[in-house]
Each structure stands twice: as structure tokens, then as C-alpha cells.
Amino acid sequence: MQNVKKLEIITDTLEMKEVCAVLEAQGVSGYSIVRDVVGKGERGWQSGDELTDVFKNSYLLTTCDASEVERLIEAVRPILKKRGGICLVSDAQWVIH
Amino acid sequence: MQNVKKLEIITDTLEMKEVCAVLEAQGVSGYSIVRDVVGKGERGWQSGDELTDVFKNSYLLTTCDASEVERLIEAVRPILKKRGGICLVSDAQWVIH
Amino acid sequence: MQNVKKLEIITDTLEMKEVCAVLEAQGVSGYSIVRDVVGKGERGWQSGDELTDVFKNSYLLTTCDASEVERLIEAVRPILKKRGGICLVSDAQWVIH
Amino acid sequence: MNLDLLLSNLLNPPVLFFFLGMVAVFVGSDLDVPQPLPKFFSLYLLLSIGFKGGVELNHSGIGAQILWTMGGAIFMALLVPLYAFWILRRKLDVPNAAAIAATYGSVSAVTFIAATSFLSELDIPYGGHMVAAMALMESPAIIVGVALSRLGAGAQEGEKAHFDTKELLRDAFFNGSVLVLIGSLIIGLLTGEEGKKALNPFVSDIFKGMLCLFLLDMGLVSARRLNGLKKLGTFPIGFSMALPLFNAVLGLLVANWLGLGKGDALLFCVLSASASYIAVPAAMRLAIPKANPGIYVTMALALTFPFNVLLGLPIYLSIINRFWS
Amino acid sequence: MNLDLLLSNLLNPPVLFFFLGMVAVFVGSDLDVPQPLPKFFSLYLLLSIGFKGGVELNHSGIGAQILWTMGGAIFMALLVPLYAFWILRRKLDVPNAAAIAATYGSVSAVTFIAATSFLSELDIPYGGHMVAAMALMESPAIIVGVALSRLGAGAQEGEKAHFDTKELLRDAFFNGSVLVLIGSLIIGLLTGEEGKKALNPFVSDIFKGMLCLFLLDMGLVSARRLNGLKKLGTFPIGFSMALPLFNAVLGLLVANWLGLGKGDALLFCVLSASASYIAVPAAMRLAIPKANPGIYVTMALALTFPFNVLLGLPIYLSIINRFWS
Amino acid sequence: MNLDLLLSNLLNPPVLFFFLGMVAVFVGSDLDVPQPLPKFFSLYLLLSIGFKGGVELNHSGIGAQILWTMGGAIFMALLVPLYAFWILRRKLDVPNAAAIAATYGSVSAVTFIAATSFLSELDIPYGGHMVAAMALMESPAIIVGVALSRLGAGAQEGEKAHFDTKELLRDAFFNGSVLVLIGSLIIGLLTGEEGKKALNPFVSDIFKGMLCLFLLDMGLVSARRLNGLKKLGTFPIGFSMALPLFNAVLGLLVANWLGLGKGDALLFCVLSASASYIAVPAAMRLAIPKANPGIYVTMALALTFPFNVLLGLPIYLSIINRFWS
């Protein structure tokens, strides 16, 4: 197993397309997204029950090498600044197959 | 980045409303919920395929300061006792934006 | 709280039934699954928007004792080899209730 | 019992699609009706049956006879859980006995709908007010069930009791199904012939088809539940067949005493015999957490529902045919 | 204003189901219409209204009068956001003022549909080209709104502007609702009577019923939004009632000047008065992130929509009845 | 080939909605038909087509001619994958060749349905038993495809083979689509005229509309898949147009030899020409993991399906018109 950093990003569903674009621009090769996430934060309750996706979040999970973390974060931060949401970094081990 | 504790709670969808209430009563300002989670545990298979939400779980993710963990856990434990489910605590770093 | 290992597996929705079978054969008593996960990896974009579940992933979360990790991983690896996907291992604390 | 009735019941599309769903599970097919489609079908069915009932009520008007029927319905909804609980306590602990009792005190809308389509096939008329009767029978059992569990369990849950009560009453009287049913009924009552002209193609013409889709899913869901049976043991299994029969007979006595016509009598009887697997379980899950839904949902969904829809309807009707002049 | 009109509007099923949805939220029911069902209903409604409009257009043909109406529609869609912005700036910052202005410049398809069913109930004819007018009014306001926010905000976002523009134009002219509406319109126009024969049971007969389901959900959604009102303060609340009225009157003046018939005039007026809560918010969310959707969605959905559907329609029609000979 | 046929095919609503879906993707619209709506539409279509076929079979009865047609259908389903595999092996490895072969041996229900609506528009009659033929053609190709991959690959997967087989047969013969199709067919066969009266508004009147919604989504999905084409290279692209044509001609020869009428002949031909993108891919994904779904799904969905629906139907029919007296 190989040590990796796990990145978890939760932000607007509408913004996820841009998040992916930014990550891929940084050379991220793989990620997973859970599209329907509701939640609460500074901008209040994102109930996901509207007709638009305006009040819905998505959850993105990706992994990267410890050395890349900073770069990825800096790339994503402006989006979170503009849009809100969170980004968590934690340690994990990747099962090579 | 700032060190935080990551709380993950999985329990009955029907009970999530109370979990949120309890967490907010403890001053938790933000959390995310994935509504449709199926799974297996002591109480058997939660297939989520019924007409009611009786056999469905939800997943809640929130973060807090290391100092708050105990308090939050104690607040949530009674629900998990009554209802079943799990609560995981792990370390993470919060990207300030 | 008790120290546990957290296993996260993301692979084809169609393959999840086998993953569960394998884990249960290894004596795993509890796990949770998020059925609709889209994502990107070596095998390209899993958009989940097809009529079949062929291009859809699922996310499985389970916990085990540090001593069991190796055994579980070895059991799951062949599936990931055949099918693709990822398996992450990380540390967490289980709230006993 | 009359074989023609049995066949004419088994050989209509909705019931056959229910079979198809069960078969799909037995042969291990991947056939699935993913959420929220079942919720869509049941929303449609409740809206349609409620609206049509309201329109008929608008025509017939609300007379004494109808009010008596309502009274009888509530009476059954209160009575059934009481003696069900008393029987169940012989074998089960308080929470499970109370939850099951509530389940059987309440009603199954789809069983009711199957009964109406069974009647319309045999050209037996029935009154729109029976829909109102159904709506009235959904909630009381929930209250009775929880009260029984409280009394039986003593005050240990006392401190949370208050909050529960508020929540509970809301779940009992304002849960989704009750609200849509009563709401559509009132809307049908208000708009009458006008409204019927506007909505008839939607609530009537395609109704049978939507019912087929829903019963297809019911077949899947209840067949899946059947795997849970082994764990149940013989008592609950026998109970989930015997009680409906007993309730049905009692219901027929009341219906006869109320002087209901054949159609209304069958519906009244089916309401008494059926068990809830939507509204009540959701309420019990919150109000009686110690009760195991694997028991009360399985009994209502995997046994009582198929029993009523497949065998119950023709049985009850043949009884009516014998005793109604 | 005419009371009969008010009642005949409030007492038709779709509006009553909208009430039912609101009631469900007020009594704290768990009634829910989970996604993607609302998306299904709106997809169906857009497809049907578009297709039927196209078929009628195929019959009527496209004359000068119709082209003038289109022009008038676009004119309103460009004008409304301008003065709305000017008013809103008195109290709000640039981003929010611009987003709200765009919301009110665009249209609400469901309000339009409610108006058509209100008309057909009163047997007042209207032209299929009004659907085309609606389609044309969806997009321009988005462009105007964003332009206003750019001008107001100065060039600080300049560098990202270009990319935005491309995205923006696409969101404005090719967003799902516009595309389905225009696409179905063209398909109706191409297939005409033939197509109508094939699709009529689907797009006409069950239409009212699907509208009821959708309005049931609209009732739920907009009642939930009402909780957000307190935070809004009095100005936006007053604004979301006053502006529709003003837009309606202006719309009626234009309609009269264009010489539209009663039916078309009401639809034209409703288009001017209605605010978008689907297409525009999605676009604004991306184009004007600094604007708070909690304000512009709440105003359009929780106040302006109910206002138009419940009170607006009869009010506007009674004005027409007075001034149209 | 006959231009009128081409136009009368392209200018009917379902095909135009398929175009609309493709256009939406090309202009980068956010239009989306989220799951499980497509599953709902396909469930509805399978149920309706199956039920109607069963009812017609109930009328026509099952004669020798019909049994011969069934035989011919199975023959085609077994033959096509064999020579398809033989051709594909020239350029592709065993797993992919086998998976693609299976895909083309099986059928596309929607292509079949498009063909029926094409026929009914031209008032060309066809038999309900063709639905049964379709149902029979879904599964065999799956078995053949997997057998081919096993033989080609040798015994290296041997040890898992047994378990696979069980799973495989189930996926082949009891997968959701096959089960609903055959189940509804039997239900139609059993209930006959009675059942038709009950379900006709649902399975017939709104059928075309539901087909439009489903094809709208098919347009979206297959246009999205088109992006995958570049990676495919020229061989698969050419193959996914050439093979259907070849299969169609072969199918027509068999149909002619079987002495089928024009309508049945077209359907038989379309079944031979069409490729599966629902049942087979799901089975192949599990049975031949080494095969890349990005190839076989893209070929069937993004090329063969549109080819058959847009050009194939008129081409095949004009051939029939020439050679059938």
C-alpha cells in the first residue's frame, strides 16, 4: 500500500464541473463524485428540494501525493472562496492493484 | 490549513432530522448529508427499496475542533443506542478559504 | 472510542454485489454503500447517465480491526484488478454505543 | 368459496403484474423499480382515488348513512389494534405487539384500490365515501398502538413522551398519504363535475395501467421481504393470515349491521382486513424504536397484502354473496 | 375586481393542489415529491405546451400580427430588468439588484400554463404563438442582468469575463427549459395535424392532471421557501408583489397597443408579470455568484408565483374585461 | 431508396425528439433526463409493447406460421454473433470481438418500437407475435458471445467458469427487460380483450408521447457517447453501419423465405439489424470484464441505433416494397 493524501471537496453542484476542470488541469487522473448532497453551512441550508440545482451540493473525493496537496488546494481555493463549501485533507493508504 | 476532527455518522434516514437538531444544539455550524445509503449491520440489511424510508440510512459528515469531539459524541450516542448505526471520528485538515 | 481501520472501496455498481459477498465471507459484519457515484479513472469517465448501470460506480465504506486489514485487502484486490476502481485505508475511531 | 370469483380476480392485469414482480424475485432477476418511481405511482394512486371519491361524494351528498359508515370505520380502526395487541402479547413483547397491532388497525390503500378494481370488473357499484372511510382509518391505529406501548412499557420513556406526542400526532394525521388522500378528496368534493371533466383522463383512463406498474413493484418488494420470514417463526406467519380473516368477518358484521350495499360492504371489510405498510411503519419506527420493523413490515407486506389481494377479495365477496340478499 | 373570476380561478383543481402543497408544509407533513419527479413533470409540461403551440402555429400560420407580438415580448423582456434594476439599486447592492432584475425580466412557464388553463376554463381563445413569445422572453433578461452587474461592478471580474460570456450565452439560449420548449414548438410546427393526432392523448388529455402534480410540488417548494422571508425584510417582499402588478399593467398597455385579443393579452400580461425560478436562478448562480439566491429565488418562488397564480390572473383579466371592448 | 419514406420517417415526432436530444448535446445545453426517468420510460414501453403483443396473439392464436417465425428469430440471434465474431477477430482481440458480436446478435427494443410506429403511420399491419420474436432474440446472443470468448480465451478463466455460468444464464434469460417483455406478453395473452379494455388508454393512447420522452433521452445519451468515437478508430465505426445493413438483408431473405407479410418482414429485419445497448452490455460487463464497454456500447448506442432509426427503417422498407409483391 502507498501513502496518499485524500482530498474531499463539498460545494455547489453547479460548480462541480469547474472543480473537475481545475483538478484535471492540475493533472489529477481520478476522482469520484456523489451528486446529491444536502447540507448546512454559512450560506444556510442547501435543501436540494428546489426545481433548480441552485440549492444542491455535490461531494468530490480524490487522492494525490503529499507533494501535490498544496498545488491542488491553491487551484481549488478560489472556487471555494467565490462559492463556499469545504475542502478536507486527510491521510490514507492506497491499495495498489 | 487547520487541524479538525471529522465526524461521520450513519444511521436511519428517519432519524437524521433528530441528529441534525442535536448537533445544531451543540453549536455545529456546518454539515453535509447523503440521503440514500444502503447497508448492513447488526439490525440486518437496510435495502432502501421499501416504499417507506424505514429501511434506509443516511450518511452525515461534519467537522469540529478536537476539543468538541467528546461533547458531540455524548450528544449523539443516545440516538445511536436507540436506533443503531455508526459514528466514526478521524483526523483531517480544513482548508481555510 | 476504539481504534479501527476505515476501508473505502469505489468500483462498478454491477460489481458491488460480489464485493459485499467477498467481505462477508471474510466476516465483515457491517458496511454502507452509496449506490450512485460517478467518477473518472484509468478506464475513463463513468458518467452514470446510461440506461444500463454499466458506466456507474458505487462507494462502499466499512470498518475493521487493524489486524484484519491485510486479509480484507487481499480478498478484494482481485476484483479491483479485474474491474478497476480504488480502495483506500485510513485510521479512525469507532464510537462504541 | 366461488372459483369463478377467484379466477376473475387472479386473471385481471394488476394482480398478474403483482405475480410478475414476485416471479422476478424468485428467479433472481435484476428487475427493479427504483425510487422515487414507486413514490410517484402511489402519489398518483392516492390522488386519483381521493379525487374520484370526492367527486362522487359531491354527487351523492353526505347523508346519515354515510356518517354512520364513517363512524363504523373509526370504530374498527380503534377496536382492531386493541384485541390484536391482546392476542399478540401471548407471544411477543410489548413494543412489537403494539407496533403490529397498529399495523393491522390501519389500512392498505393499494388493497383498497385492488378491491375497487375487482368490484368495477364485476360491475358491483360502491360509494365514493368509502375513500373517506379509508382516510379516517389510517391514523387512529397509530395513536392506539403507541398508547398501548406506553402503558405496557410504563413510564421509563416518560421524559421523552411529550415531544414524541406532538411529533406523533403530526405523523398520524398529517403524514403524506393521509394528506394527499384527504386533500384530493376535498378537491374532488369542491370541483365536482367541472373538476371531473378536467381530470378524468388522468385519474380514470390511465388508472389501471399505473396500478399495474405499482403492483409490479409491490410484487418485487413483498417477495424480497419473504426472505425475512424464516426469522419470524410460525406464530407471526399464522397470525398475518388469521387476523385479516377475523377482522374481515368482524368488518362484515359491522357492515351488515350498518346496512351497507354489497360493494361498500366489501370495501369496508377489506379496510378492516388490510394492514398498513407505508404510513404506520414510518410512524412506529420513530414512536416505538424498540419494535423490530423486520417483523411488522414483513407481516403486513409479504403475507397479509398478498393474502388479501389474491385470496381475500374473492373469499370476502363470496361470503357477502351468501349473506347479502 | 370581479369576485366570480377570483373564485373560478381558485376553485379549479391545479390551484387547489397548489394550496394542498402549501398546507402540507404549514402542518409539518412529511409529504414530499422527491427529485427527479418535479423535473419529469416540468419536462412534460414544457414539451406539451410547446408542441401544442407549434401545432396551432402550423394551423394559423405566421402573420405580421404574430411577428409584432414576438417583438413586443422581447421588448418587455429587455425593458423590465432595466427599470427593475434601477428601482432595486435604491436598496440593494449591484449583484443582488442585477440578479433580481433578471429574474423578473424572464418568465415562469407554470404561471403561463396556469393562465392558459384559466382561459380555457372561461372558454376564452388564445393563440399558439404565445408559447413562442414565452420562449423568446426566457433568455434576454439573463443577458441584461449580467450586463448590468458587469457595468455596475466595474472591471474587477474582467479577466474571467470572456469565458463567462461563452458559458453565459449558452446558459441563456440553450438551457434545458428553453430548448425543450422551442424544440417541441418546432416539432409541433413541422408535424402539424398528423403529429397532433399521434400525441394528443398525451399532451392534452392528461395535461391537467400532470399540472396538478407539478403544482402540488410547487406548493411544497414555495411554502418551504417562505421561511426565508423573515431574513428578506419588507422591501423585497413589497417589491415582489408591486413589480408584477406594474409589469402586468405595462404589459397590458403594450398588448393593447399591439391590438391583441383578450386571451393573448392576458398571456402577454402574465408573461410580463411572472418571474423565473428555474432557468434564471441557475444562470445567475454561475454568472453573478455574489448575488444571494436566498433572495431572488425566494422572491420569485414564494411570493411572486403564488401572487400571480392566485390573485394576479383574475385581477389582470378583470382589467382586460374593463378596457377591451 | 424512396425519399417520401425517408421524410415520413424523419418527420414523425418520436424521431424528431431524438434529434432534439442530440442537438441539445451538440449545443452544450444542460438538458438532462435524470435517472430513474429513463428506466421508467423503458419499463413503460416494454410493458406496453409486450401487453399489446400478447393481446393480439390472443386474437390471432398461435399457428404454425408464427412458430416458424419464432424459429427464424432464434436462428438469426444465434447466427449473427457467429459471423460477426469471425469478422471482428480480424481486427480486435477475443474479449472485445465476443462482446460486440453478442451486442449485435441481440436486439434493441426501442428500434423495434420505432419500426412499429413507422409502420402504423404508413398503415402497414404487423403481427403481435413479432413482440414474442423480439423477446426470444434478446438472450441467445449473450450465451453465444460468452461461449465464443471462453473458447477463444482458452481455459484460463476456467475455474470461475461454473459460477459464472449460473449467473450468466440468469442474466441472459431473466434480466429485467426480457422478464417485463415476456411477462406483459403472457398477461396480455391471458387477459385478452378484457385486459385490453382496461389498459388500452395507458398502453396505447399515451404510448407515442412516452416514446417521444424516451427518444429525447436516447438522443442525449447517444450524442454524449459520440465523443467516444475518436478513440474507436475507423474499423468499428464502419462496422457499426455495415453490419446492420448486412444483417438486415440476411433478415429479409429469411423473412421472405418464411413468407412473412410486409409489416412482419420489416420488424424481423429490424430485429436482425438492431444491436442491444441495455441487456447485453450489462451481461457482458460481468461475463467478459476484459472487453471494453466504451467500444461495444458506443457502437450500438451512438452509431447503430441512430443509423437504424433514421436511415435503416426507410431503406429496409423500400427494399421490401421492391421485392414483396
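Here the chain labels run A, B, C, D, E and F in written order, and each chain numbers its own residues starting at 1.
The rule is simple: a residue touches a chain if its C-beta (ideal position, glycine included) is under 8 Å from a C-beta of that chain, and two chains touch if they have at least 3 such contacts.
Because the structure is predicted, anything quoted here is derived from the model rather than measured.
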Given over half shared residue numbers means same and under half means different, the subunit B/subunit C interface is different
Between B-D and D-F, more contacting C-beta pairs sit at D-F
Distance in whole angstrom between the CA centres of subunit B and subunit E is 40
Whole-Å distance, C-alpha centre of subunit C to that of subunit F, is 34
Expressed in whole Å, how far the mean CA point of subunit A lies from that of subunit C is 19
Note: subunit A residues in touch with at least two other chains are 34, 36, 90-91
Where subunit E touches two or more other chains simultaneously, the residues are 32, 35-36, 39-40, 201, 205-206, 282
So the complete set of touching chain pairs is A-B, A-C, A-E, B-C, B-D, C-F, D-E, D-F, E-F
The subunit C residues in contact with subunit B across the complex are 1, 4, 6, 20, 24, 29-36, 61, 63, 90-95, 97
Contacts from subunit F onto subunit C in the complex sit at residues 32, 35, 38-39, 42, 220-221, 224, 277-278, 281-282, 285-286, 289, 292-294, 297, 301
The residues of subunit C that touch subunit F in their complex are 12, 14-15, 36, 43-44, 47-55, 82-83
Touching subunit F in the complex, subunit E uses residues 35-36, 39-40, 43-44, 47, 51, 170-171, 174-176, 179-180, 183-184, 186-187, 190-191, 194-195, 198-199, 201-203, 205-206, 282
Residue set of subunit B touching subunit C in the complex reads 8, 10, 34, 36-42, 57, 59, 73, 76-77, 80-81, 86-91
